[in-house]
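In the two complexes that follow, chain A is the common piece, with chain B as its partner first and chain C second.
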Partner chain A sequence: MMRIHKSIWFVLFLSLWELLARSGRFSPLVFPPLAAVFKALFHALASGELLQETGFSILLILEGLLVGAVLALLLGMASSLSPLLRSFTEALAALAHPLPGIALLPVIILWLGTGRASILFIIIHSVLWPMLLNVMTGFRAVPKVLAETGRNFGVRGARLFLEVYVPASLPYLLAGLRIAWARAWRALISAEMIFGAVGGKGGLGWYIFKQRVFMDTAGMFSALIVIILIGILVEEVIFERVEAATIRKWGMTDQ
Partner chain B sequence: MSEKLRVSGINKYYYKNGERFKVLDSISFTAGSGEVLCLLGPSGCGKSTLLRLICGLDEPEDGLVRLDGKAVSCPSPAAVMIFQEFGQLFPWRTVLDNVIYPMRVNGIGRSEAERKQTAETWLVRVGLEGFFHVFPHTLSGGMKQKAALARALALEPSLLLMDEPFGSLDALTREGLQRLLLQIREETGSTILFVTHDIQEALTLGDRILVMGKEPGRILKVLENSVKKTGKRSNQEKSALYDVIHNLLGTV
Partner chain C sequence: MKRGLLKLIALIIAASLTAAGCTPKETSGSGSRIAIAEQYGLAYAPLQIVKELKLLEKNLPGTVVEWKQLGNTAAIREAMLAGEVDAGFMAIPPFLIGWDKGMPWKIACGLSKSPVGLVTNREEIRSLRDFGDKDRIAVPQPGSVQHILLSMACEKELGDPHKLDNQLVTLAHPEGMSALLSGRDITAHFTAPPYLMKELAEPGMHEVLNGRQAMGGDFTFIAGVTTAAFHDKDPRAYKAFVRSIQEAIDYINNNREKAAAILAEAYKMPEAELLSYLLMEDAAYTTVVEGIEPFAQFMERNGYISKVPGELNEIVWEDVHDENP
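Moving on, here comes the complex of A and B:
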C-alpha cells in the first residue's frame, strides 16, 4: 500500500514539474522540461561519460566505506579490551564526530592536496565516527549469555570478536553502516564538486559542477537523477536485502 | 565412584560502594563421577555464582576448584554450562550449526561430516529431529533448552553445569525435560551439577542434594536423596525428605 502511495506522489511531482516548465514563465536554462532532462540523461549515459563519472564515485565510496568500517571495527575491538583504550577512543570520537567532512576541506587541501586521496580521506572521516559509535554500542549490547557461552566453548581472542561479537551486534553494525553510507555519499558529492573545480578529476559531483559551467541545466538535473536513483538503490534495495537475509532471518531485529 | 570434582575452601566477595559483602563462605564439597548433584537454595544464596566459579567464568578470592584433578582457572569445554536464558543459542546459526560450531572450535570429530553426524544424533536424541535447519528464534523455550543440551553433550564434557535450565519453562515441559535429562544421564554416565531453587526438582534429579543458605552463601547440609535411589517409594518418604529440606531452608 505504502509503495503505491509513494509512486503516485512521484508521478504528481513529475507532472507539476512538467507543467511549470511548459508554462513559459521560466527560461529552459533555469527550469528545463522533463523531456530535455531525460534526453540529456540518455545522451550522457549513451556516451558513457555519466557512467564513467558514476563509476568513479561508486568506486571511491566503496573504498572509503570498506576502510572506514574496518577501522571502526578494529578501534571498537581495541576499546573493548581496556578502559584506557576505551576512553582514548571515546575522546577521539567525541572530537571528530561532530565535524562535517566538508568543514575539514581547507585543512585537508593544505595537508593532502586536492587529489583522490583527499576525497577518500573525507569519506573515511564521514564513515569512521558514526560507525565506531555504533560498533561500541553494539559490542556493549551483546547479551552476556552469548559472550560467556562463546568463552565456555573455548572461543578466544580475535575469533571471539569475529564469530560472536560481530554477528551478535550486527543490528547495530548495519544501522551504523546505513548512517555511514548516507554521510559518505553526501560528503563525496560535495568534495568532488570542490576538488573538480580546483583541477582534480571525475565523479558525479564534478559532472554536475561542469554542466553548470556550460549552462547545461538539463545535464545537471540528469546527474541529480542518477544520485537519487543510487540513493534509492542502496538504501531501499541493497540494505533491505542484506537485513532480510541476516538480522531479520535470524530474529534479531526486535531486541 | 571416582572423584570428578573437588571444590575446596571457596570464599567469594562482592563489592558495592567500596563495601565488601561475602557471597560465598568457605564452600567445600566433592562430586563423584556419574553423579547428579543438586545445589538447592533460595535466590541470592550464591548458587549461580558458585556454578560460575566452577565453570571458570568468575574467580574466587580464596579456594580452589579441581576438575579431574586439574585446577580450573578459565572457562573450557571440559565443564559446559547450560544457562537458564533461552538466548544462549547463537541466533545467526541454525540449530544444527549451533551444535556443530563448538565441536569445530575444539577439534572434536575427525571431519565436518563426522561432526554433522554426531550433532544430528544428539539433536534426534533430545527430540529435535526435523528442526536441524531452522534458526533458534523459531523454537519454543523448551526446544531451545533441548538444543542447548544437545550442543553441550556433543562436546562430551567432563562435567555438565546446569544453572536452573528449566526454570523458565511451564510445569509440563519442565517435567518432560527432567525425564529426558535423567534418561540421557543413564545412557552417558555424565556428571551433572544442577542448580535449582525448586525442592521438587532437586528430589527428582539429584543423587545428592546440597542445601544452601544465604547471607553469606554457605552449605547447610548435604543430603543423600533416598527418594530417587529407591525409585518410586512411598509418598510418605518423599514428603518426609521434602519437609526436612523445607525446614532447613525455612531456618535461613
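Moving on, here comes the complex of A and C:
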C-alpha cells in the first residue's frame, strides 16, 4: 500500500514538472522539459562518462566508509576498555563532530592538496564521528550479562568484541552506518563540486559543476537523477535488506 | 486519512499553478533599480569608481543601484537568467558559452585588459613542454578565460589544445593561490591580478606563459554584458549604464593618483602597489572590445561552442567599439 502511494506521488511530481516546463513561463535553460533531461541522461550514460564519474564517486565513498567505520570500531573498543581512553575519544568527538567537512576544505587543501586524498579525508571525517558516537552508545547498551557469559565461555579480547559486543549492539551500529552514509554522500558531492580535474575524472559532483559552467541545464538534472537513484538504492534497498537479514530476523527491533 | 491526502494534493497543485502563473520578477526596465554583478579582482576596478563616485546615480537620477559580488561567472549567468541581475561583468569565453546556449544577452562595453599569467613554483618548468604527468595546474573553472587561454597556448606550442586538460584542477583564485604557495600537488596556477602579483612576489615563483603569448595579441579580459530585457525596455537606463562605465574609465586614466587612492581602500592594498599596477604595460581600462573573433573561432573549433557569431551585432549591442587584431 505504502509503495503504491509513493509511486502515485512520484508520477504526480513528474507531471507537475512537465506541466511547468511546458507552460512556457520559464526558459528551458531554467526549467528543461523531462524529455530533454532524459535525453541528456541517456547520452551521458551511453557515452560512458556519467557511469565513469558515478563509479569514481562510489568507489571513493566505499573506501571512506570502510576506513571510517573500522576506525570508529577501533576507537569505540579502545574507549570501552579504559575510562581515560573514553574521555579522550569523547573529547575528540565533541571537538570534531560539529564541524562540517566542507568547512574544513580550505585547511585540507593546504594540508593534503586537491587530489583524491582530500576528498577521502572529508568522507572519513563525516563517517567517523557519528559512527563513533553510535558505537560507544551501542557498546554501553550491551547487557552486562551477555559480556559476562561470553567471558565465562573463555571469550576474551578482540574476539569478545567481535562475537559479543558487535552483534549485541548491531542496531546501533547499523543506525550509525546509515547516518554516516547519508553524511558522507552529501559531503562527497559538495567536495567534488569544489574541485576536480577539468578533463579527467572528478565524480558526480564534478559532473554537475561541469554541466553548470557549460550551461547544460538538462545535463545537470540528469546527474541529479542519478544521485537520487543511488540514494534510494542504498537507503531503501541495501540497508533495508541488511536490517531484514540481521536485526529484524534476530528479533532485536520490531520495525 | 484518504480525504486529507487528496486535499493536500489539491493544495499543492493549486499552489504550484499560482506560482507558475506569476511572472518572474520584473527588475529591469523600471528605471528605478539596476542590479549589477561583478567578481573580485583589479580588472573590475572601474566598477569601484562607479560605486564610489556614484556615477550611475548621477547619470540616472532616482535610480537605486544594487551591486552584487558573485563567486564565478556561472553564478552571474544564472542570476541574469533569473532576472535578478541586469548587467554582469565577465570574460569573453563564458559570455560566448552563454550566448551559444541561447542566453538573451549581448556585450555592452569592454571594461579592462589585464595581465594574466601561468605561475609555477617549479624552477625547471620554463615552457608548457616542461610540464610532466605529475604536475597539476589550477584554473578557476573549465571554460573560463584562463582555461581557454591555456588551451590556446597548448594548441600553439604542443599541437594539441587538450594536452594538459587532464592535469587541470578547478580552484577559485584565492584557493588556487594558497594551493600553489603550499607547494603540494598544485605546481602551477593560471591567474590574474592581484593574485598574479602576489604569487610572483613570493620566492621561487616565476611566470611560464602570459595571456598575450597565449592569445597571440591583445584581448579584452573583462567585458560588460547586459540582458536583452534591460537593454530593450529602458534605453535611458542602458545608456546611463554605458556612460557611467566610460566616465569611470576616463577618471582612472586621467587621475591615476586619485583613482589609486580610492581603489587602494576598496581592495585593501598599499596605494603605491596599486598605482604601479595601474601603470603596468599590460593593464588598461577601455570600453573598446577586442578579441571576440579569435576566442569564438578557437572555441568553436574545439567544441566549446557550437557556432561562431555570423554578424558582430548578434553578440554586441549598438555603439560598441570592437577591434579585431
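By definition in this document, the second predicted complex is superposed on the first by the 248 of 255 C-alpha atoms of A that agree within 3 Å, B and C clash if a C-alpha of one lies under 4 Å from a C-alpha of the other, contacts with A are read in each partner's own complex, and residues count from 1 in each chain.
As a working rule, a residue touches a chain if its C-beta (ideal position, glycine included) is under 8 Å from a C-beta of that chain, and two chains touch if they have at least 3 such contacts.
Note that the structure is a prediction, hence the values are computed from the model and not measured.
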Message = One more residue to check, A:Met215. First (chain B), second (chain C), both or neither?
response = second
Inquiry  = With both complexes superposed on chain A, which partner does A:Met252 reach: first (chain B), second (chain C), both or neither?
reply    = first
Task = With the two complexes superposed on chain A, say which partner A:Val164 touches: chain B (first), chain C (second), both, or neither.
result = first
Inquiry  = In the overlaid three-chain picture, which partner chain does A:Glu236 touch, first (chain B) or second (chain C), both, or neither?
reply    = neither
Message = Tell me the contact category for A:Leu146 with respect to chain B and chain C: first, second, both or neither.
response = first
Message = Quick one: is A:Leu29 in contact with chain B, with chain C, with both, or with neither? Answer first, second, both or neither.
response = second
Task = Go through the superposed model and pick first if A:Leu110 touches only chain B, second if only chain C, both, or neither.
result = second
Key: Touched partner set for A:Leu16, first chain B, second chain C, both or neither   = second
Query = Which touches a greater number of chain A residues, chain B or chain C?
reply = C
Task = Report the residues of chain A in contact with chain C in the complex, numbered from low to high.
result = 5, 12, 16, 19-20, 23, 25-30, 106, 109-110, 112-115, 194-200, 209-210, 212-216
Ask   = In their shared complex, at which residues does chain B touch chain A?
value = 55, 57, 74-77, 79-81, 83, 85, 87-88, 90-92, 101-102, 105-106, 135-138, 155
Ask   = Where on chain A does chain B make contact in their complex?
value = 143, 145-146, 148-149, 151-155, 159, 163-164, 167-168, 170, 246, 249-252
Chain C to chain A touching residues, read off their complex = 5, 9, 12-13, 16, 20-21, 23-24, 72-74, 77, 81-82, 94, 97-98, 101-103, 136, 138-139, 141-144, 147, 162, 165-171, 175, 178-179, 182, 184-186, 304
